[in-house]
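Below, chain A partners chain B and then partners chain C, in two separate complexes.
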Partner chain A sequence: MTGAALPPAVAPARRTSRTLAILRGLIRDPVGCTALVILSVVLVAALFAPWIAQFDPLEQSRRMILKPPSLTHWFGTDDIGRDVFSRALYGTRVSLFVGLMVVVLTMSTGGMIGMVSGYVGGWADTVIQRLVEILDTVPSLVISLFIAAMLGPSVQNVIIAVTIGQFPRFVRVIRAEMIKVRMHDYIAAARVIGAPGLRIILTHGLPNLMPTALVLGSLAFGVAIMIEAALSFLGVGTPPPNPSLGTMLAQGTRFIGIAPWLIIFPGTMLTISVLALNLIGDALRDVLDPRQR
Partner chain B sequence: MLTFALRRLVLGFLVLIAVSIIVFVTFRLVPGDVVSQQLSEAGAVTPELLAQKRAQLGLDQPILVQFTRWAGAVLAGDFGTSLWSARPVFDLIGAAVVPTMQLAVVAILIGLVLGLASGVTSALWRGTPGDLGLRVVSTLALAIPQLWLGLLTLTGLAAVGYFIPLPYRTFLSDPVVNLQQVIFPAVALSLGVAAALSRLTRSAMLEVAEADFMRAARARGVSSATLYLGHGLKNALIPVITLLGTQFGHLLSGTVIIERIFNIPGLGNLLFEAVASRDYTVVQAAVITYGLITIIVNLLVDLSYGVVDPRVRERLS
Partner chain C sequence: MNQGLHAGGAALGRALRALAATAALALPFAPAAVAEAPRPGGKVTINVHADAPNFDPLASTEFGVHSRLGLAMNRLIDWDTGDDIAYGEFVAKPALAESWEISEDGLTYTFHLRQGVVWQDVAPVSGRAFTSADVLATYEAMRAGGVQKGLFAAVDTITAPDDHTIVMTLKRKNVVLLQNLAHQNMWILPAEAFSGGYDRNLTVIGTGPWIIERNEPGVVTHYVRNPTYFGKSDTGDALPYLDEVDILPIKDLNARITAFRGGQIDIWFGPLNLTQMEAIKAAVPGLQDVRTISNTQGEIFLNPAFAPFADLRVRQAMNLAIDRLAMGEVIRGGGAVGGVVGPALARQTLPDDERIALYGTPDPEKARALLAEAGFADGFTFEFTVLNYGEEFVREAEWIQQDLAAIGITAEIKMVDTVAGQALGKEGNFQGMYLMMSPFAEANEYFTTHYLKGGIRNYTGIDDPALTALIEEQQGIVDPAARQEKIWEIQRYIAATHQNPLPVWAAVLLHPAQARVHGWHPMLTQGFPSLPEVWVDQ
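The block that comes next holds the complex of A and B.
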């Protein structure tokens, strides 16, 4: 673990070029390139949903009940005549929004707690690790289900519930990385010249932990989307009438064998989003950490 | 080895106490309790009735009193009765744990077999289209949410005109029906485990393949199969066991969803219904049971390192 082993892209001085280098690496990597293409398609579909969807996702039609996919209704219609394609687009939008917020929250809170815990060590570290261990003992979906049900169904509460279920892992991994980084000479040097702990963490720790955090973040994004769908499926997630992929799937369970398109299309959107994020995570790992190749 | 196991057990017990305190406090900090829910469902909410019912259930006492009372009873082996159905919580949990554990164990076994087979094959076929195909499949399987996989299984079964028999039967009462009910959800649960395992086994096998003892064995003329399975896989097992431990947690998360989809009266279904009706006693016991299962699995994982690797055994004793 000397400077030579670190990825060359991590030159703290030039920040913009580093972001560019990571992007360039992703595009050159065949897996990363595919993932970027898929993710941009999903992002465009979600962001421009109001322009792409030909129907209002909440508009009901008594004459179009449970119609199979057709040229006007690409993904068919549901039991009260709503257009499944439009609903799936808006649902993806909710999924991506929740996922993004969860990642931002886990990366900032979990990342900060992990860095401090790893840098400070001692009793603070012990206390934090024991707390993480307690959260880790209960399956993350059980935690999220419990919290979401306690707080009541709303998008904001889903974000909180998923974040609490996800951040123990983040704290654990970032802490372990921080302990490795702490051993480096330049940290000792910074300490010797009297730099305060917080500054050392932010200016020396953070840049070195970014690769790990990015990989972890993109994988957590996918997991967050899956858990949001699961919570909505169970009825404690995104509240109706907001279209959410999980609620759409729950609705589809009542028509299994009659209207398979209610299951197939929302699930496909869900899987494609998760797949793109997982692939980006894989590709980022390769790009940022050439040792593993 | 024994002291190590005992120390882990004591630690696990402390963690469980902490979990129950957190659950207990969270539940009481949030507005809306089982009494108002029950009464509003009955359509008769008067302040006097609410107060009377709360006093009867001990909900009007301070949190600390409630907790010590509850914890004391639990230590004596009494988990109380469900606030909703008035049945003993211990019986409810006991009945629900069996289907969940059966599902999880069958799923992990299927995942183990599929994952190891595909990982080893992938490593042996390194760089060929077969290897690529297996890797693509496992990447896909990792991205498919268990929720969707379960629903797709039901859709597919309905399409071929097969319907899983209902209601649920335990293995002891009716093994044939039980297996029909368990095998499909177990497969849906196992694919994620299999995929993660396959990727890990592949890279662990490839790493071991470079080791000197493998070259030496090959030079001695050990056959390819013995070489990879006897020497390679055996040495790649440690990370595989670690992964199985972490995957078991995901699997338990998955059972909550899968049990709902496939109508299996397990711990997940019980927890879900109890949370929805604010049935404190059942929720507490269910969360603690999940914790207990995780702690036992983690202990087994730690102990099995010693079984697989003599170096670990020596260090522990």
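The block that comes next holds the complex of A and C.
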């Protein structure tokens, strides 16, 4: 009936069954299932890029400049003879890696700060929230752009820049959820028996906030990929000669009239990756929200 | 050098093709073969992608200012233009100075000013006669605090013995003095501009071919023909031919392209790449595809503080690894192999065949042998700092990276913005650095900035007394042919002794004009010096 009836921590067996339940829920949802399949295909292609790609993504074949898609070069070649298919695969790998790292970092740091802020309350909460609001007043792309430009182009700096840009949203949402959780009787009971705050947050707060964090994470994954692409498009993201979908789009714009494949294929990879992640986020929200059942 | 040319049939073929292309590009596009008589009247519109923040030529070096002033003002000496003059080649043309004499010791210049010249009929000067007092006032103000101050560094005294004579004495010989006086910022103003007679930020009074009738920031700078302009064509026609000129400050590139395609712009000014040019050509029938070679070039600086680059053989090997001609053809669609002095300075850079032999004939086998001799048979890895001058420049860096990889050198590209990169260069905080060199208009600028101790582009710390002596020697040679020989000798010495920085490529520059425009010759200096001789089909 109330939180007090719940066990203090989710046991491993329950956790596994809950993960399976979420997966089952996703598979039952037609949109979620489709998105999951698409994302799995993209993930597999990116992970196994070294085995799938027929060419080195950096190798310039100078007799194959701007060749249209063919049986040899499925997505054609770029302006210095590199295979677009191989570059798109490796570029997707970079995008997914950046997205994953951003999600891990924002979920761990932003989530932790949000939980502490929501649980502790008082002046600490006020200070944290004002700082987050200051960050939140600037669009995340602008913050990321500013930081990436300051740090210089590298994958590592892109991860830092995008994480800082996404961080306030996590802090705010997790904090709000933590305030709700804090009101439950089982938290009060844990306090009464003298459990330290950090333990309460980790063992009682965290498991109950995971559904929200998962939905947020899946959406942030897509946003991170888009921002990475935008930063690379603007020349402050993934440095050359490494491929990234954003860099490939930026390079392709010069040849949009004569070699549209330079835009179409990386653009499609970017679109389906982000679309799949967003649809999974929506489906996850439906699966995890009891009101939607 | 010849050995290099015979390195391979493909390289030779490319070299010869490039030689022909370079020769064609060194000069602006020649107008149609059938000579028509110029027709006076009409109007042209030029886009300059910035407004003029003010009109004071002493306060700013901005192209938005000086490109506009050029239509209304004159210098003592101007840049000549024509079918036989290359885009970056300075040929002195009498402007407000009708003639000049140089003393035997090269330390005294006497300028005879053009007589009968009057200022434009704008208050408070209101059409009075131009005299040496105006030149004196302008130059004194410039020397005292104008942006042009540095151009007078060698000048000791300036005097005006009479109304139509100016005498300059120099502290030391300076063979580029005439070019300094023809510099794009060296407009002559009336003496009233410096005695509080009017506000030179707002009012433009010159002796030039057009009068500024109105300037609306963000909209247009509109000029009308100056009926008292002194200029005459080679055939004696009164110049300018055009009655009106508009300069449109369209800042957005796509808007400029649309305006050009729609016929709102007659003469293009500013950056444009080949892909955009192709799109414009497809939409504009009869477009004049005017192409020149850029007066900037890519250069690779190799810091000798990084052990492998201290060895001349390594630098020579890297030079031999890069296939510049193929790179320029593929990435830039044209241009010319770089040189110690850039190829835009057609009379001062080494002759095309020699430059191509030195820098445009890759020989990976020889490069690998040189590396082995230097003790780097297995190659090495270095940080390749690349300044971000845009997509095409980055693509060049990637091309160079692969060429170096072919001889075992791994260049790890590190992108930096241009300001940060130049700071790294000045601090010597780099291993290898690829950047776009400043747009120099004289060989002396290349030499003094790159190879003299303390030079602003001497990022590799070259301090070679023999080279310094050669550079100083060419500064004192007055005879053009003898100086050209000395300039070539210096370039050969640098290639043989230093090979640093490695010149790479000077891209093709595009200056399209509508079919109805005749006599248009783009020129390196600002102010559109060929515009008085431009005429249009009615």
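In the analysis below, the second predicted complex is superposed on the first by the 278 of 293 C-alpha atoms of A that agree within 3 Å, B and C clash if a C-alpha of one lies under 4 Å from a C-alpha of the other, contacts with A are read in each partner's own complex, and residues count from 1 in each chain.
The rule is simple: a contact is a pair of C-beta atoms (placed from the backbone, for glycine too) under 8 Å apart; a residue touches a chain by one contact, two chains touch by 3 or more.
Remember, it's a predicted structure, so these values are computed and weren't measured experimentally.
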Report for A:I80: first if it touches chain B alone, second if chain C alone, otherwise both or neither.
-> second
Classify the contacts of A:L275 with the two partner chains as first (chain B alone), second (chain C alone), both, or neither.
-> first
Which of the two partners, first being chain B and second being chain C, lies in contact with A:P239: first, second, both, or neither?
-> second
Which holds for A:I200: it touches chain B only (first), chain C only (second), both, or neither?
-> neither
Thinking of the overlay built on chain A, is A:P153 touched by chain B (first), by chain C (second), by both, or by neither?
-> second
Tell me which partner A:G257 touches in the superposition: chain B (first), chain C (second), both or neither.
-> both
Which partner reaches more residues of chain A, chain B or chain C?
-> B
Check the residue A:Q60 against both partner chains and state whether it touches chain B (first), chain C (second), both, or neither.
-> second
Just chain B (first), just chain C (second), both, or neither: which does A:G267 touch?
-> first
Of the residues on chain A, which ones does chain B touch that chain C also touches?
-> 149, 235, 257
Chain A residues within the chain C interface of the complex = 58-60, 62, 65, 79-80, 149, 152-153, 235, 239-241, 250-251, 254-255, 257-258
Residue numbers on chain C that touch chain A, as the complex places them = 273, 275, 278-279, 326, 330-331, 386, 388, 391-392, 394-395, 397-399, 401-402, 413-417
Chain B residues touching chain A in their complex are 15-16, 18-19, 22-23, 26-27, 30, 139-140, 142-148, 151-152, 154-155, 158-159, 249-250, 252-254, 256-257, 260-261, 271-272, 275-276, 283, 287, 290-291, 294-295
Can you name the residues of chain A that touch chain B in the complex?
-> 130, 133-134, 136-142, 145-147, 149-151, 222, 226, 229-230, 233-236, 246, 249, 252-253, 256-257, 260, 263-264, 267, 270-271, 274-275, 278-279, 282
